[in-house]
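Each in structure tokens, the structures are laid out below.
Presented sequentially are two complexes of chain A, the first with chain B as partner and the second with chain C.
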Partner chain A sequence: MKIKELFSEILDFFKDFVKVKTGLIGVGIILLFLILLILEPYILVYKDTNTQWRNITYWQDNPANAAPVWTQLFSKDKKPITKFIFDSETEEEDMNGVTVKSYIFDYKFNYSEAPQNIIFHGDANGFLGLQIFVERPDGEKFEIYRIAQNFSNENIRMTANTEARKIAYDFGKTVEDEQTLLNIDPNDLKALDVIFGEKKTGILVKPIPLKGHYKIIAKVLFLDSAATFENPYIVITGKVSGLLGTDNLKRDLFSGVIAGIKWALLIGVLTAVISVFIGLFWGVTSAYYGGFIDAAMNRIYEFFINMPMLPILIAISAVFKINIWILILLLCLFSWTGSVRTVRAIALQLKEEVFVEASKALGANHWRLIFRHIMPLILPLTFANMAFSVPGAILTEAGLSLLGLGDPSIVTWGGILHDAQTGGAFINNLWWWIIPPGLIMALLASSFVFVGWAMDKILHPKLRTR
Partner chain B sequence: MINSQNKEVLLKVVNLKKWFPMQHGLASLFAKEIKYVKAVDGINFEVYKGETFGIIGESGCGKTTTGKLIMRLLEPTDGKILLNNEDVAHIKGKELKNYRKNVQMIFQDPYASMNPRFRIRKVLEEPLVIHGVGNSRKYRDEVSKQLLESVKVTPAEDFMERFPHMLSGGQRQRVSIGRGITLSPSLIVADEPVSMIDLSTRAEILAMMNNLKREFGLTYIYITHDLSTARYFADRIAVMYLGRIIEIGSADDIVDNPIHPYTRVLINAVCEPLPGKVKVMKDIQIKGEIPSAARIPKGCRFHTRCLFATEDCINNPEPELIDAGNGHYHACSRASYLPAFKY
Partner chain C sequence: MYRKYVIKRLINAVVMYAIILIAISAIFNNTAERVVRQDIDDLLKAESQRVIKSGKFNVEQLEEWKAKRKTELIHRYYLDRPFLLRVFYNAYKAFTFKYGNSMIMRSSKGDREVWKILIEALPKTAILFTTDFVIVTFFGILIGLKMARKPGGALDRTVSFIALASNGLPLWWLGMVFLFFFAYTIKLFPSGGLHSVPTPTGFMNFLDLLYHMFLPLLTLFISGIWGSAYFIRQLVLGTMNEDFIMSARARGLSESKILYKHTLRSAAPPIVTNVILGLFGSLGGAIIFEGIFSWPGMGNLYWIALQQNDLAVVMGNTSLSVFLFMMGLVLLDFIYGFLDPRIKVGGKA
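Moving on to the complex of A and B:
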């Protein structure tokens, strides 16, 4: 019977709710977020985003500062997309008693910009010599990496390094005139731009990409009879990556934004619910008891409402290392005041109602009157308040994280924005690093505001006609 | 007719006062003298077991405050309330809770006296839950159903799951009465129980209350401003004016043979819907408005409105109740000089 009752009440509320369009939009957006939240494990491109966000090596195979992939739809010049190549041809030869294995990877290059990097991976063990070459369609061959080392069963990762830059510079030197060379600092050169550039004047200044069939050859010298080398693959990191690009630490921003949903919702909803319940309790108790208790509770309330939240939060989080739960607690400490005045005003009215007096005449104690008679009648009215205080909590947390004072162990939108600020996203025009987290924050916040408006419209007339 | 000599006193009220201070908190510290609204200003009466005791008077005379004081929803400023010879004026906590098993109240407004969120089942169960009577829901349901039957809200099952707003005023007041008798109290304070009910159902409800009285051995204190229902329903009537009882006696004596000028006015003011008399303006023997309870007139508190008042009424101290025989008391020092009463 109870469930039926509740269901019919919810149905009534819903019937009113669908009449308010803003509310529906709000609920729609919130539902969308909830779906994203539930599907997070499936949507996340990088499954360990939550635990590995601050681990640089986890993101090492991504391009840095790469634009979202879909930006390609709007430009004629196609930028290269990150590509993993696992298939290779293997050649084996004997060189003065040393076994040399060559892994040849095919790479079809058909873009208007050179890739950002070439990364070679493999499981190495024992004393090995490694050489990585790039063979261009025009027959030129560059050695971009070379190492000889004793490995102990580890996954190795090799990329074009300073050596490659020098080789690229030497290659370019042959076609550039002297005047140009004087203006070029070899240390500023992007090796891959040259390696993937047409061999003609300007290659060091403004290289034109040479399209065609490239071969990346990894030569492994087994300098030790027990040495082994397995699972080789290369990653050719592009200039665009993922749905929302990457940041300067090569992190996939789409994964970051998706991983941030749950924290934003958690902070927003938990703070709102806790603080509204505290406010409800405070307002009702203060109104119900009146007299000295009311006066004392009002003074405490005034103390909290007059405390400047942000400066104090900044000070606290600067001095102490705060985590998300403490942060929620602190947010509650400052935001419970939001509903007190309204609740107290309604409770003052309700406590004089005859049914409260009647219950008192029956022998009901204070708790029964407060929790059974007064609070349940005010509770629905605070739902709007609850919806309204969600955005405040989300934005305050984002503000703190933006200042670098949030919980460093989780991925939050504010944290991403903080990284964007310190990583120079504004200066380098990396809009995909700033706009998506900001926009999604605004979207979530406004969805709760919409719901709050709708609830206000529905629930408040009921107060009058109840 | 109840003979006061043979009757057991259930409730005795002695010099009961309720003064509401007009300044609160810090303001009272700085006030030269604290002013009071003297809602109830020293009243005495006895209620006998099994009778219906009517308290009548105009709005603001303190009759509802008296009811709430007896119910102990308010704490008296002074005086005693003796139920079965035990003073309950200042009891607290458990004693008060137990007292409430014994004394119950029926409120004036059946629309407001039930929590709009409570189903009738919950309304009726509440006293049982509060006093921990019967632990099983089945038992409580059974009791609630019986109550609904006895207040004639039938079929009981149909009404149990309804919300108060789904019931008519009369039905609601019946439920409210049912809630009042749940704990089988000995005294029920009925504060204008029928004033907000349709005229057509008033008599029905009062008749039902009379039946309940017989069935459960109840005693009523019937607070009203309506003399006609008071005469019909009450055995004895006390007339209140500005916080004092100015006349008390059997219902028939009060109505047929009123002594105090104010009681006479009250009786004369009752509308008489007789053919041909509808448009006759009656000559009501009173002047002015009721004074504020914060500034009660010196001497006889009725003198400002009394057509028969003399200098003595103003200068002499307020008269105590004067015995007129047959349990009929009044508070008019000039009773013997008044003209004979006529309708």
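Moving on to the complex of A and C:
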């Protein structure tokens, strides 16, 4: 019987809830986030985002500061996207007793800008000589990398380096006049822009991309007989990457934003639930006992109300390098006060009710009355409070992370924004680094406000205005 | 009767203020001690290097000198007293507004007195937030009254919705976005600070200030106006049901006269409360917000002092902010107690 009653009550609540449009929007957004949360393992582009966020080598094959891919959708001049090329033709020859293997990769280039970099990967072992060339559609050939080294079974990674810049400069020198050459600092030159540029005047100043089939040739010289080289592939990093671009450390921001969802939800919901329960207990107890206990509890409540929360949180996290769980505890410590007043007011009325007296007469002790009879009655009324205190917790944590005081072992939106602030997002005009994390945070936080507001409207009809 | 109420409220506030100072002092003292010990070790290392170079002492003498110097330094920074004593001592100092001298930070004139550093930052926070409160309240009243005229109308619904949504909007992120767009993309406004570097004088100085204040103000305005309008709408709608409005209507007064004269006047006290509370609360500065705009106010000062481990400034800053906030509360209670005799009776019971 009791369960049936409860069920019908819940049903009534939902019937009311559906009428409040704002609340529905809020629930919709929260559901969307929950779906994203469940699907996280599938939609994360980089599966190890959660553990490898601060590991630079994990992200090394992405372009840095690259715009989102979809920005190219409506523009005529397409910027190159990152391309992995695993297929290669192999040629083997013998050069004075040394085996030389050439891996030839085909790259079709028809973009309006040169790629950011060419990266060559392979598993090397033993004493090897490596040379990487780029052969252009017009027949010109550049050597962009050269090394001879003793490797011990490692995955190697090679990119165009300073040597390539010099070669590119020498190439450009042949077509530029002297006056322009004087104004050019070879150290500021982007080698790939020249290598992928048309060979005519202006190549060092404003290169025009040369479209067509490129060949990237990796020559491996087996300098000792035991040396091996396997699994060669190249990565041609583009100028656009992923759904939300990359940051200055080449991290995929879409993965970062998705990975941040669970932490924001965890911090917000856990803090809200714990602190409202503390507030509920506090309000009921002080109202129930009254007298000295009430006065003492009220003083403590006042103390927390007057404490400046943010400065103290900042000071504590700056000194102690706290992790996420301690931060949640601290947030609870400062935000349980939110619901005390309403709870106390309602509890003051409830304790005069007949059923309280009846239970007392039946021999119920104080704690039983508080926990079993009064608190469950008030609990539903605090749900609105719960929803309302979620945004505060989320935004406070994000604020701390923004200052660089967040838990360094997790990916949070505030942390991404902190990196944006310190990593030159402003100066380099990387809007995709600043807007999405904050926007998604605002969306999540305000959806809880909507839900809280709708609940408030239903649960406290008295407060309704018109 | 009123005097009794005032005294009671004042004692209550003073006791609470003292307790909060003790708590803050305990939190910061723990920090302060770590920092100071670190500093002492660093100093000692540097000094002993110099002593070794001068070659005056042999090894034994050096150790002896080191130990002596260390106790001397520890004594100087009160680290040899019991923890509780230090906490109370610092709380007492803050209570009497003796914030002492800073360790690293200086005021623009080079003073090391914490008080002078604070008094330099306070007006900068005050000017930003006071201007914001004036503008937001003014436009909030305008929009709120418009909303209350047609509750449930298009304007009312839109603004109410945005007001709700703005609760989840991080102010500092909005600041970052505006800064990004206005200062870096279209380069219309400065990227931070209070004045241009060769600070202009006279009237140009004022214009320069406005120019620098525009972006932070815009951010505060955009994030605050909706809530303010909604708050005033609620107040006005609440008073619209009162009898005196009905009688005004019965007398045939025009609707706009009722709205702007009668309703607004009776809704004024809560508006004033809200403004005063907000103002006193904001004087402590917005740490993150001011940081984003490099606005040299109290919040920014707090953050910089914390980063430089200048605990005297941190402690002074926090105590002063709490003091101002609580003073605002007390002041409000006084005004209300004066205006509404029922509160006094309630206070006594």
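Assume the second predicted complex is superposed on the first by the 452 of 466 C-alpha atoms of A that agree within 3 Å, B and C clash if a C-alpha of one lies under 4 Å from a C-alpha of the other, contacts with A are read in each partner's own complex, and residues count from 1 in each chain.
Operating definition for what follows: contacts are C-beta pairs under 8 Å (C-beta built on N, C-alpha and C of every residue); 3 or more make two chains touch, one makes a residue touch a chain.
Predicted, not measured: the structure shown is a model, and the values here were computed from it.
Annotation for the three-chain superposition on chain A: chain B and chain C fit side by side. In the superposed pair of complexes, A:A295 makes contact with chain B only, with no contact to chain C. In the superposition on chain A, contact is made by A:L417 with chain C only, not with chain B. Using CA centres, the angle subtended at chain A by chain B and chain C is 60 degrees, rounded to a multiple of 10.
Shared-chain residue A:M441: touches chain C; no touch with chain B.
Contact with neither chain B nor chain C is seen for A:L244 once the two complexes are overlaid on the shared chain. After overlaying the two complexes on the shared chain, residue contacts for A:A361 are found with chain B alone; chain C is out of touch.
Judged by the number of chain A residues each one touches, C leads among chain B and chain C.
In the superposed model, A:E353 lies in contact with chain B only, and not with chain C.
Once the two complexes are overlaid on the shared chain, A:H373 sits against chain B while remaining clear of chain C. Contacts of A:V449 after superposition on the shared chain: chain C is touched, whereas chain B is not. Figure legend note: chain B and chain C, brought together by superposition on chain A, show a least Cα distance of 7 Å. Shared interface residues of chain A (contacting chain B in one complex, chain C in the other): 466. Taken together, the chain A residues at the contact with chain B in this complex read 1, 291, 295, 353-355, 357-365, 368, 372-373, 376-377, 466.
Taken in their complex, chain C has these residues touching chain A: 16, 19-20, 23-24, 27-28, 30-31, 34, 151-152, 161, 164-170, 172-174, 176-177, 179-180, 183-185, 191, 234, 237-238, 284, 287-288, 291, 302-303, 306-307, 314, 317-318, 321-322, 325-326. Of all the residues in chain B, the ones that touch chain A in their complex are 25, 71, 73, 96-97, 100-101, 104-105, 107-109, 112-117, 126-127, 130-131, 161, 176, 179, 183. Put simply, chain A touches chain C in their complex at residues 22, 299, 302-303, 306-308, 310-312, 314-316, 318-319, 391, 395, 398-399, 402-403, 417, 420-421, 425-427, 429, 431, 434-435, 438, 441-450, 453, 465-466.
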